[in-house]
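Shared between the two complexes below is chain A, which pairs with chain B and chain C, respectively.
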Partner chain A sequence: MTAQIRITRRNQLIAFITLCTVYIFLPLLFINTPYVVFIMTQMLFFTIFAYSFNFLFGFTRQLFLCIGAFAGIGAYITGILLRESIVGVVESVILSTLTVGFIGWFVSYLSVRRRLVVIFTGIFTLAITLAFNNLVIGLVDITGGETGFRVRLVSLGLLDSLPLYVRFYYLAAATLLTTAFISFYLLSYTKIGYAFRCIIDDEVSSGLIGIDVAKIKMITAVLASGLLGYAGALYGLFSQLITPSYYGFLSLDIPVQLIVILGGRATLLGPFIGSAIISILNEALKFLGPLTQVLYGLILVLLLAFFRNGIVDFVKRRIVPWFF
Partner chain B sequence: MLDIFPPLLIIDGIVLGLTLSLIAAGLTMIYGLAGVLNISHGELVIISTVTAAVLLQFGSPLPLALLAGLGAAVALSSFLERVVLRPIYGLEGEERVLLGLYITLALAIFLHSALVSTFPLAYLTLSLPIPTVSFLGLTFRTAQLLSGGIAATTLVALFLFLKRSWSGMAIRSLTQNEVGALICGVSVKRYRLLVFIIGGVLASSAGYIRGLVATVGPETGLEFTILALLVCVVGGVRSVYGTIIAGIVIGVVYTFLIAMIGTYLANVALLVFIMLLVLIKPYGIIGERW
Partner chain C sequence: MNIIECTGISVFFGGLPALRKVNLGVEKGEIRAIIGPNGAGKTTLFNVINGVVKPSEGKILFEGRNITGKPPHVICRMGISRTLQIPRVFKDLTVVDNVMAGALFSGRLKGDMLEKYVNDVLEMVGIADKATVKGGQLNIQERKKVELARALASKPCLLLVDEYMSGLNPMEIEDAIDLFKRIRKEYNLTIIWVEHVISAVSSLADQVTVLNQGEKIAEGKPEEIVVDDKVVEAYLGERVVKHT
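Let's turn to the complex of A and B:
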């Protein structure tokens, strides 16, 4: 049994290194076509968002339906601080991360400490999404309302010599791969990872064997929300334009959920596969215009009804056994 | 600070609250009986108003348009119960709640995008001939009184139905103890469909009542859902009576907030208000643990 686990871990490590290599060298192939790099960078950001959602929902079953709102809060804080030249880039990104982390902690605290079930979090975070949208559209003087505002291009230090989109590509790739590596390490080698795997299987029994489920959930919420704030801020700097439509429920939450469900809940590889598929699909379906969202809703319903466990699980269960 | 006389605002709030109660009562009943938190419930409101508005644009008589809208909501609701939600009934516990929420959420997104992109201008406004009525020195809009009256009558009818009729008792028994009710010979399948149909009727009437005092656009479905869900949270899910009280509380608070700080900020303030309320009374005003 232990040997088997070790083999899977080694395989995971190999997969991770392959992933790193691919992500580092892929943009070099397309360095002369900025559009492709732009799409790939966008894909990376969505993978990061999906990672957050995966940790919140997949691993600890906290249904946060406000991924877009959290990322948006991060982006708006950084954007406004930079526009008014109050503090520097680094400070504002840190502030975004901390603020969103705090909000995530508060929501998690409310739902976990009060022992309210999963749908409570769902309702509450959905209301946060609505409140965020209204706030952003309402406070026209500060946020620019529907049209948003532009953010000046910031210097990224050593990366400045690269073409525009490639800079942000590497920044996002570094964030994503670090996140993936840290999650991999945590899940495989530490007590927290053990607790995670117990909680995925059964919350009540993990409580009975002495795992502090509430604490794990709250820690996850802080870290995942912080990541959302950070990635949202970077996404704002990358797109150089911050408008409510970028961070809306339909434009950010739904694709992220599709990515997580398609790739596989509670898996580390899932978001990578899911986001690659969704990005390609999104480009292929561009001609449909607003109908894409109709299609996404339909795909989500079908996925949930018939393909709930995602690609990673499907491969593990149906395809791998053929070879062994 | 307030431009309008407070009593008028209170009436406005009560009317809005009763409308929300109608939507939330359907949500509560469906959650209690089928274990599904129906996120697409607000879209039922929109389906009926859009159908009615489109038919009215084509010159059909008002009663026919309203009936067709009602029919559309009921049909969609039954379709949701019989076809869309079929995969979840085999599941148990949290998995079931989660998947139900997700499927209805996806359906809501689907309906929302489909309605907004197909009928972007299907606004429903039902205007009445006599605009105002004077009473005790105050001027009321007839529409407000009428819509408040209709909403209250519908809620009383719902109350009587649940308390007195055989079907109502069956629904309540299933909500309280499904196995016990099954042993007594109550069919879950039949009453589940009935509850969805009642939910559809209530949602559709809520849409029309809102149409009497305001304009209902095709893009407001999610907002209706979220407000109704908040009403459910405050009222305590599973308690229809709690929902009615909570609806009025939230309606009045929301209307006052809108008058004081504007629509956009009112949403945020309402959320904070509800968060505090949940911190103090986690199980709703008179609801039970859920």
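Let's turn to the complex of A and C:
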């Protein structure tokens, strides 16, 4: 029994280190084709967003339909603070992280305390998305309205010697891999992993055996939202342009949902796999133009109807049982 | 001293009373059966004790401490475990993991004792042979056993058991009665136990509390209860012809 667990963990660790190695060396192959690195960086940011959504929805059943809005709030706070030269980059990003973390906690607190079920949390957070969009478009003087505003290129310290997109690639990769590694550690080596497995399975029983479900949901929401604020701010600095369309429901939430469901809810490799597939698909289908949105919708419907548990679950059941 | 003391418990669901001014005191080490027709409020009483439902009125003392309105996980950590009428095991977790979860989160066991304790509980309940099977693949009786094992693994002082015997055949009922006698002795437990199977109640319970339409109508030893007029009336209806 314990031997089996040891083998599982060893395999998982090997898979994880392989993944890290690939992510560290992959951009070096494309160092002369900035476009590829740009796409890969974008993929990393979406993987980070998907990680947040995965922890909210996959692990703790909190359907936050405001991933784009949360990332957007992070981006706008940092963007505006830098544009007005109020504080430096580091302070702005910290402020974005804390603000969005706080909003996430508040939303989770309401939904836990008022016992909103998954679907009501969904509606409630969708309203936040709508409010965010209207606010950003309405407050033209501050946000630049529909067209947004440009952000100056910021210095990333040691990374500045690298080509432009490669800098942000490594920044995003560091964020993502750190997040993934901490998650991996917590889930595999601590009681928290056990608690998550119980909560995913049955919330009522989890409470009965002494798990503080409300607390775990709220802590998860704070951390996942903080991550969204942080990654959103970086995404804004990377794009050097902050407009509502980058953080809209269609352009951010839908792909993130697609990534998580395709890859596998409540899994650690799911978001990596999902985002890789979606990125490649997105590039391959560029010629379709706006029709890709239709296609995304269609894929999402099909996934929900026939492949709800995602790729990781499939591999785990059919091929290698230690997959995670 | 009573291990648990409920005084004047009332619960209203949208104006309808599910429990009305119910008092319940159970002595340490006792097996107390709670019986009553469907809708009498038996499960609601459990829900109130372990914090799933907040009482509209009344107070619950557990080992002298007020636990009224505390959430289920806190009450579990204080030493009250519960099984449900329709068992809810973790379907994706193996049997041993289900039971381990119970031991892990109650915080009432030391780290190095966990594994041995869990194995003992599995043996005791008689589900050790299924240890590596996933919860979702078990039949309903096995699920009941796993849930009982999970509740025991949290090392409670007071165990609330909701209809363990329904659906068992007479042989299995005998086994179950024996099991409850053993676990009371082994784990030094107080058990409150909702049951419909009256034969089991007679041979296992020290005291019986009878609920009907949210009110306590009788309390006493099993042999007194079965001849109590009010109890007979609640179950069978009023007597038309009085015996002379």
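To be clear about the criterion, the second predicted complex is superposed on the first by the 319 of 324 C-alpha atoms of A that agree within 3 Å, B and C clash if a C-alpha of one lies under 4 Å from a C-alpha of the other, contacts with A are read in each partner's own complex, and residues count from 1 in each chain.
Note that a contact is a pair of C-beta atoms (placed from the backbone, for glycine too) under 8 Å apart; a residue touches a chain by one contact, two chains touch by 3 or more.
All of these numbers come straight from a predicted model, not from anything done at the bench.
Chemist: Is this a clash or a fit when chain B and chain C both end up on chain A?
Modeler: fit
Chemist: Taking the superposition on A as described, I'd like to know which of chain B and chain C A:L250 touches: first, second, both or neither.
Modeler: In the superposed model, A:L250 contacts chain B only, not chain C.
Chemist: In the overlaid three-chain picture, which partner chain does A:V204 touch, first (chain B) or second (chain C), both, or neither?
Modeler: A:V204 contacts chain C only, not chain B.
Chemist: Counting only touches as set out at the top, which of chain B and chain C does A:A214 meet: first, second, both, neither?
Modeler: Second partner only.
Chemist: In this superposition, which partner touches a larger number of chain A residues, chain B or chain C?
Modeler: Higher number of touched chain A residues: B.
Chemist: Looking at the overlay, what does A:V315 touch: chain B (first), chain C (second), both, or neither?
Modeler: Once the two structures are laid over each other on A, A:V315 reaches no partner at all.
Chemist: Please indicate which partner A:L300 is in contact with in the superposed arrangement: first for chain B, second for chain C, both, or neither.
Modeler: It touches chain B, and chain C stays clear.
Chemist: In the superposed model, how near does chain B get to chain C, counting Cα atoms only, in Å?
Modeler: 9 Å.
Chemist: Could you pull out which chain B residues touch chain A in their complex?
Modeler: Contact set of chain B toward chain A: 37, 39, 84, 87, 94, 97-99, 101-103, 105-114, 116-117, 222-223, 226, 229-230, 232-233, 262-265, 267-268, 271, 274-275, 278-279, 282, 290.
Chemist: Spell out the residues on chain A that touch chain B in their complex, using ranges where they run on.
Modeler: By the definition above, chain A touches chain B via 61, 63, 65, 110, 114-120, 122-124, 126-128, 130-131, 134-135, 137-139, 249-250, 254, 290-291, 293-294, 296-298, 300-301, 304-306, 308.
Chemist: In their shared complex, at which residues does chain C touch chain A?
Modeler: Against chain A, the touching part of chain C is residues 50, 52, 71-74, 76-77, 81-82, 84, 88-93, 96-97, 100-102, 104-107, 132, 150-151, 154.
Chemist: With touch defined as at the start, can you tell me which chain A residues reach chain C in the complex?
Modeler: It is residues 1, 191, 194-195, 197-198, 200-202, 204-214 of chain A that touch chain C.
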